[in-house]
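Going by the order they are written in, the chains are A, B, C and D; count residues from 1 in each one.
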Amino acid sequence: MDIFERRESEVRGYCRLYPAVFDKAENALQFDEDGNRYIDFFAGAGVLNFGHNPPAMKEALIDYLSANGVAHSLDMSTTAKRTFLSAFENIILTPRSLDYKVQFTGPTGTNSVEAALKLARKVTGRRQVVAFTHAYHGMTLGALAVTGNAKFRNAAGVPLDGVIRLPFDGYAGAGDTSLHALREALADSSSGMEPPAAFIVETVQAEGGVNVASGEWLRAVQALAREHDSLFIVDDIQVGCGRTGTYFSFEDMGLDPDLVCMAKGIGGFGLAMAVLLIKPEYDQWSPGEHTGTFRGQNLAFVAGARALDYFRDDKLLREVRDKGGRMHERLAAIMKEHGRGRWTVRGRGMIQSLDTGDGQVAAAVLRRAFERGLLIGTCGTDGRVLKVMPPLTIEDGVLDEGLDILRAALAGEAADA
Amino acid sequence: MDIFERRESEVRGYCRLYPAVFDKAENALQFDEDGNRYIDFFAGAGVLNFGHNPPAMKEALIDYLSANGVAHSLDMSTTAKRTFLSAFENIILTPRSLDYKVQFTGPTGTNSVEAALKLARKVTGRRQVVAFTHAYHGMTLGALAVTGNAKFRNAAGVPLDGVIRLPFDGYAGAGDTSLHALREALADSSSGMEPPAAFIVETVQAEGGVNVASGEWLRAVQALAREHDSLFIVDDIQVGCGRTGTYFSFEDMGLDPDLVCMAKGIGGFGLAMAVLLIKPEYDQWSPGEHTGTFRGQNLAFVAGARALDYFRDDKLLREVRDKGGRMHERLAAIMKEHGRGRWTVRGRGMIQSLDTGDGQVAAAVLRRAFERGLLIGTCGTDGRVLKVMPPLTIEDGVLDEGLDILRAALAGEAADA
Amino acid sequence: MDIFERRESEVRGYCRLYPAVFDKAENALQFDEDGNRYIDFFAGAGVLNFGHNPPAMKEALIDYLSANGVAHSLDMSTTAKRTFLSAFENIILTPRSLDYKVQFTGPTGTNSVEAALKLARKVTGRRQVVAFTHAYHGMTLGALAVTGNAKFRNAAGVPLDGVIRLPFDGYAGAGDTSLHALREALADSSSGMEPPAAFIVETVQAEGGVNVASGEWLRAVQALAREHDSLFIVDDIQVGCGRTGTYFSFEDMGLDPDLVCMAKGIGGFGLAMAVLLIKPEYDQWSPGEHTGTFRGQNLAFVAGARALDYFRDDKLLREVRDKGGRMHERLAAIMKEHGRGRWTVRGRGMIQSLDTGDGQVAAAVLRRAFERGLLIGTCGTDGRVLKVMPPLTIEDGVLDEGLDILRAALAGEAADA
Amino acid sequence: MDIFERRESEVRGYCRLYPAVFDKAENALQFDEDGNRYIDFFAGAGVLNFGHNPPAMKEALIDYLSANGVAHSLDMSTTAKRTFLSAFENIILTPRSLDYKVQFTGPTGTNSVEAALKLARKVTGRRQVVAFTHAYHGMTLGALAVTGNAKFRNAAGVPLDGVIRLPFDGYAGAGDTSLHALREALADSSSGMEPPAAFIVETVQAEGGVNVASGEWLRAVQALAREHDSLFIVDDIQVGCGRTGTYFSFEDMGLDPDLVCMAKGIGGFGLAMAVLLIKPEYDQWSPGEHTGTFRGQNLAFVAGARALDYFRDDKLLREVRDKGGRMHERLAAIMKEHGRGRWTVRGRGMIQSLDTGDGQVAAAVLRRAFERGLLIGTCGTDGRVLKVMPPLTIEDGVLDEGLDILRAALAGEAADA
């Protein structure tokens, strides 16, 4: 029995799907200890938007380490944090005319969500939060309460309350009707509905199955929040940082969120980091009211600042839109060729997906792809959706090669079924 | 207005206490961007047990980066994780005849606590958890529920239930009586008390005011947990990893916790990492039941594995005991000299404290110390306790220098009062 | 200041609307201490289905008292309880081929609802209960959680959780869509919806505004409950006991509830009594598991048994249908004459209503009616709905007289507006 | 199978202990349908303080019925309510210099407790309520949360939160220590304890095992409540109305409760009625904020007003003290004779008890007593305590006869053991 089986908890998951011990990685490629090569269509679930070991960040990290830069600083001020903040202001906020305060929360997405929910409840003095079917916001109890997945929720061991659950855009045909009914209910003191502290929404539900919300529906959610003085929170943890072809996934949609949760890609290099963006009028925290040990991860500031260089011009984002379009076309063609009308293709930018409608089929495709040297993840109910999410920086040839492997795996599965 | 004021949320805290922008650091010294030198008696609240930028870890990190090692891997297997697990097994578990499974949770202490509470509730099918006055376990809602501090709790915005709160050892003279009364109550079906899923305790309450539990009381807590099939959880996040003079703070006390929460020092270098140690019979997770993006922080595995080298022999721990003794003596002398019977000294190993009984006094001492080049933290109710917690590796001369500064600050404050 | 103002709590309500001190009453008439005569269109909110002081019941009560019958018996067996149970079996259950066990709960509707919710949760091992907009089920915390009205809910002082709130039939056009979306969600492990212990519904929401559910929608609710092994509970507290023209309000609708909550009219004479009807397979209580002091109100058993005599044949129920039809026609005519398109008439059997759309208008009409000798209640959001609910036994002439007064009050208000 | 088995829910309890069908009753005697005579040492769990069918009340009820008095009036004003209120003011409040507002809640003890908790939470804006081991306050979810018994609590099916549970006077030696520890904790912002809305206490825990609190301890509870602006609530439902030898059980103890819950004996005749007494400054209800159908039980007002006549002078209360003393002496003698040092006698006034320490022993004694014509109840954990609680008006000879039967049953059980 190897040490992973002997010592690592039964909770381990991905290592069961990808039975290899990984050693090296470069951009969209991972290599196991035997030198086998894998194309990475998973990208750390959105962490590795700029690939593995991007040279500029790697160099900056080595320089920082070599110079005895402060690695860990709680929430003291450091030169590395200043550099990150300045880059974020200059490259991201100012050009988009956005005015957000930045909270460095504990360095995980779930912590950013916990901070957002606390703040929304504090600002409004309300308790309920509206969340949607198939939402994924994290594993700690506050974030878990707004997450939809029953396996995760049941592990809480305590009731997960304070949440009004609504159908997401298109869910059971009720996305719009239910918003309308909630509007009526919130105006009606006999409805049993309390005004919520916030609406929290993903523009694309990544873990939930790559469900893409329309701008129209998102604007309706935002409008309802505004009407009732609820905060409008976008969880951009998985699909922010350029993934959809804009820096924030909600750009160009007429949206103006009050709070934005970010993590994963924000650290650039795969180092843990998370932030909550807060409109200044809602930055009503007292000092230290939400705290945490690892808020000052300076290596992540160093890499994260360099990652922002990708957004100094439109080059990367244009590539994302181009490659995303090609990914979509290829998937649509595969669906048409092998899907027998049972498959669906969904996505925005470089998060694309093929919904097989059957978790066992998707799992089998994942295994076939792994055997052929492709790492791909599944998501959605019972894992029925294949999520195609390579680094934004993947080379065209490698992308095509990965899509060819995926096509072969899907074709093989379809033939055997 | 500088960028920190302009862009960073009002929640920022330590940067207000230490108005400097830090740039470099080495072992127990930090330097601000103007070259000012500060002795670090804070050590990242227990993160930097081995000081800033320890050379062996720094070198290992640079080597790993240079070789394009996998930085981020979710919970896939990697060579870096294997190295860490092997070192943890060989250096820590085996010599102590401990048999724990290791869960890599999201890389923060609060996440380790959330995982522990979920697991205890799952294993027992119970909901309540016993926690103690002045406990600090984290900021996310599950961990916050067992935390004692009202400022933090009030920020939840939702009720924090599922907790039975008991007096800690010595609290209001009720530590023992209340354990006895709970024992009666748990044997009595009319008491209104449900059998708890777990008891969660810190052997030394660091944030709570450096309250040191006796072995006798801790054994009584453990015994009560055993009697009622509750899990006994030690939160060793701040005082584990050698801080008290043994690797785990609960060694040599006749304790055998079912779950152990670790974070802070486990990553060695200040990189975010957290683990939950689980007795094999309680490792009842299903795969992926508690998940998170940043469970595979390989740079932390690399540094963390090297950090374990400190525990291959007793050299460091002996130094901790020696230096801890000296710290205690010096503080006791300062108390005797200036305390007018109002101050108290408490601690174990290299977490020592001077309780001034007055948050304003402690805050003033902190400011005076900072002006003289010493970073020190406060804790306990209203921050009345000065917590002395340098890196375990602090040089004797620097330790003495820091204690001299602290003495001067305390003397000055006492004189002005 | 009279004793009511001096000694009775500010919580008193109806005495403010009807500023009189009542002394005597007979069938549909009440008399104040000055001998003023009032027609009762309120009937104790459904308690006095058989009018005030119905002679047969009055005589039976006097006989029972005179003979030193047991008045109070907790849940011991008594001859009076046997008489009631036999009558209920013979007159109500057997002819309708219904097989229910009878639980005598504490003698209030809210207690019957509390018992129903406890039992549904016990039987299913689930926590959530589906309740509807505008529902009214009671004031104690369990029943209050499923009630919709914000004024009542806000008085709880604690969160009211464990409830999934859905639109009632017709509410914001979402009654059907939302049932459909819940069906999808309950079949989908990522929806965030747990399978509920029960669906609790009123066939006519009396306090909620005399909202009448269609048989089709009620059957859809029942079908959804059945699909997911949830109990289907009908709260027939206000509209049972003959009010709608059948004994139970859900007869002749293809419904087969698992639990039925009854109170108000069941005691016949206005004496406190409540029962929960339970399908035998769900009668899983252990002895004494839900208890209460006043479960053995033998005077109510005596009167309640005599009240069941009304249902030995179809005479009363036919009259209810006839008078209900006339009430509806008269109200429709008044609406047409004075409503300017803003009013609505709704109801079933002898619970009819005129929705003025404006709480101030309805309150003014109530005052005008009172001045003319008619007691009428309001309900619905802001009390905008006039609820017409006389005793089922009201004489035709008195009914017409009351409707004339109501017409005059409405006409007057419409003219002044 | 008789109709009780066939139709009454399995929840029925007392009818299993006393397998008879009761028909008539007079003062302290009950008769079954076969004419068997039983002495009533149970008195409807405190309802029948004035015995069964007390002639003056019976006559008043018959007169009221005959005159077509209003039986049911919601919370409208009636002449019967005025008579009750005046008597309560003149006979009870004024002579004791008490100034309480009277809220007629739904006519059950649990409803009075629900109202008290709501009001305390509303007045203070706080959520937690302090309740004690072995407390019994009712079955609806709000009251159940403060009740101690696990069988009842587990039937809730939902978490019962918002309660701080403390040891009652003498419980595990912790009654005083725990009050002291709570005092410290409430003054300490890191204790994890929120200031409570109220402390709710029974002066004698009747259902909990006839546990008698000392005046000293009760004053300490009241003092702690006052210190922290919490309301001090006495639940006098079972031991008020003269049971302990004063009208309220808390008289002559230096207590001044803010809210007093009353039910059971207040209706005099066994008719359902409950009130909440409220200090005027806390009567902060808005009209109708806590409501209920059966608040206007005029027959209970009629009988309850006559019951107050017993307190126009000290005659009854003197008898209660005398008979209570004799009961206590007799029980003490029986204990001495047969208890072998395992039994305990506890009580105040005419609620006395013999704690056998063993639920099976107590159940066997109950059966033996029943066979000999004595109705007696059990209480406390596992029902180990025999509660001796006859009507206050029991004739001396009947009391002695009952005590003789009890002695014989205890002696027989002791001999067989």
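We adopt the following convention: contacts are C-beta pairs under 8 Å (C-beta built on N, C-alpha and C of every residue); 3 or more make two chains touch, one makes a residue touch a chain.
Computed from a predicted structure; not experimentally measured.
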{"item": "Copies chain A and chain B touch via same or different residues, half shared test", "value": "same"}
{"item": "Chain separated most widely from chain B, comparing mean CA positions", "value": "C"}
{"item": "Computed distance of Cα centres, chain C from chain A, in Å", "value": "50"}
{"item": "Length of the line joining the C-alpha centres of chain A and chain B, rounded to whole Å", "value": "30"}
{"item": "Euclidean distance of C-alpha centroids - chain A vs chain D, Å", "value": "58"}
{"item": "Junction residues of chain B, two or more chains touched", "value": "127, 151, 158-159, 161-162"}
{"item": "In the complex with chain D, residue positions of chain B that touch it", "value": "127, 131-135, 147-151, 153, 159, 161-165, 167, 171-174, 177-178, 180-181, 183-185, 188-194, 208-209, 380-382"}
{"item": "Parts of chain D lying in touch with chain C, wherever the complex brings them together", "value": "3-4, 6-16, 18, 20-26, 30, 33, 44-48, 52-53, 58, 61-62, 65-79, 81-82, 85-86, 88-89, 101-104, 106-111, 114, 117-118, 120-122, 126-127, 138-143, 145, 151-152, 155-158, 161-162, 197, 263-264, 269-272, 276, 278, 283-294, 297, 299"}
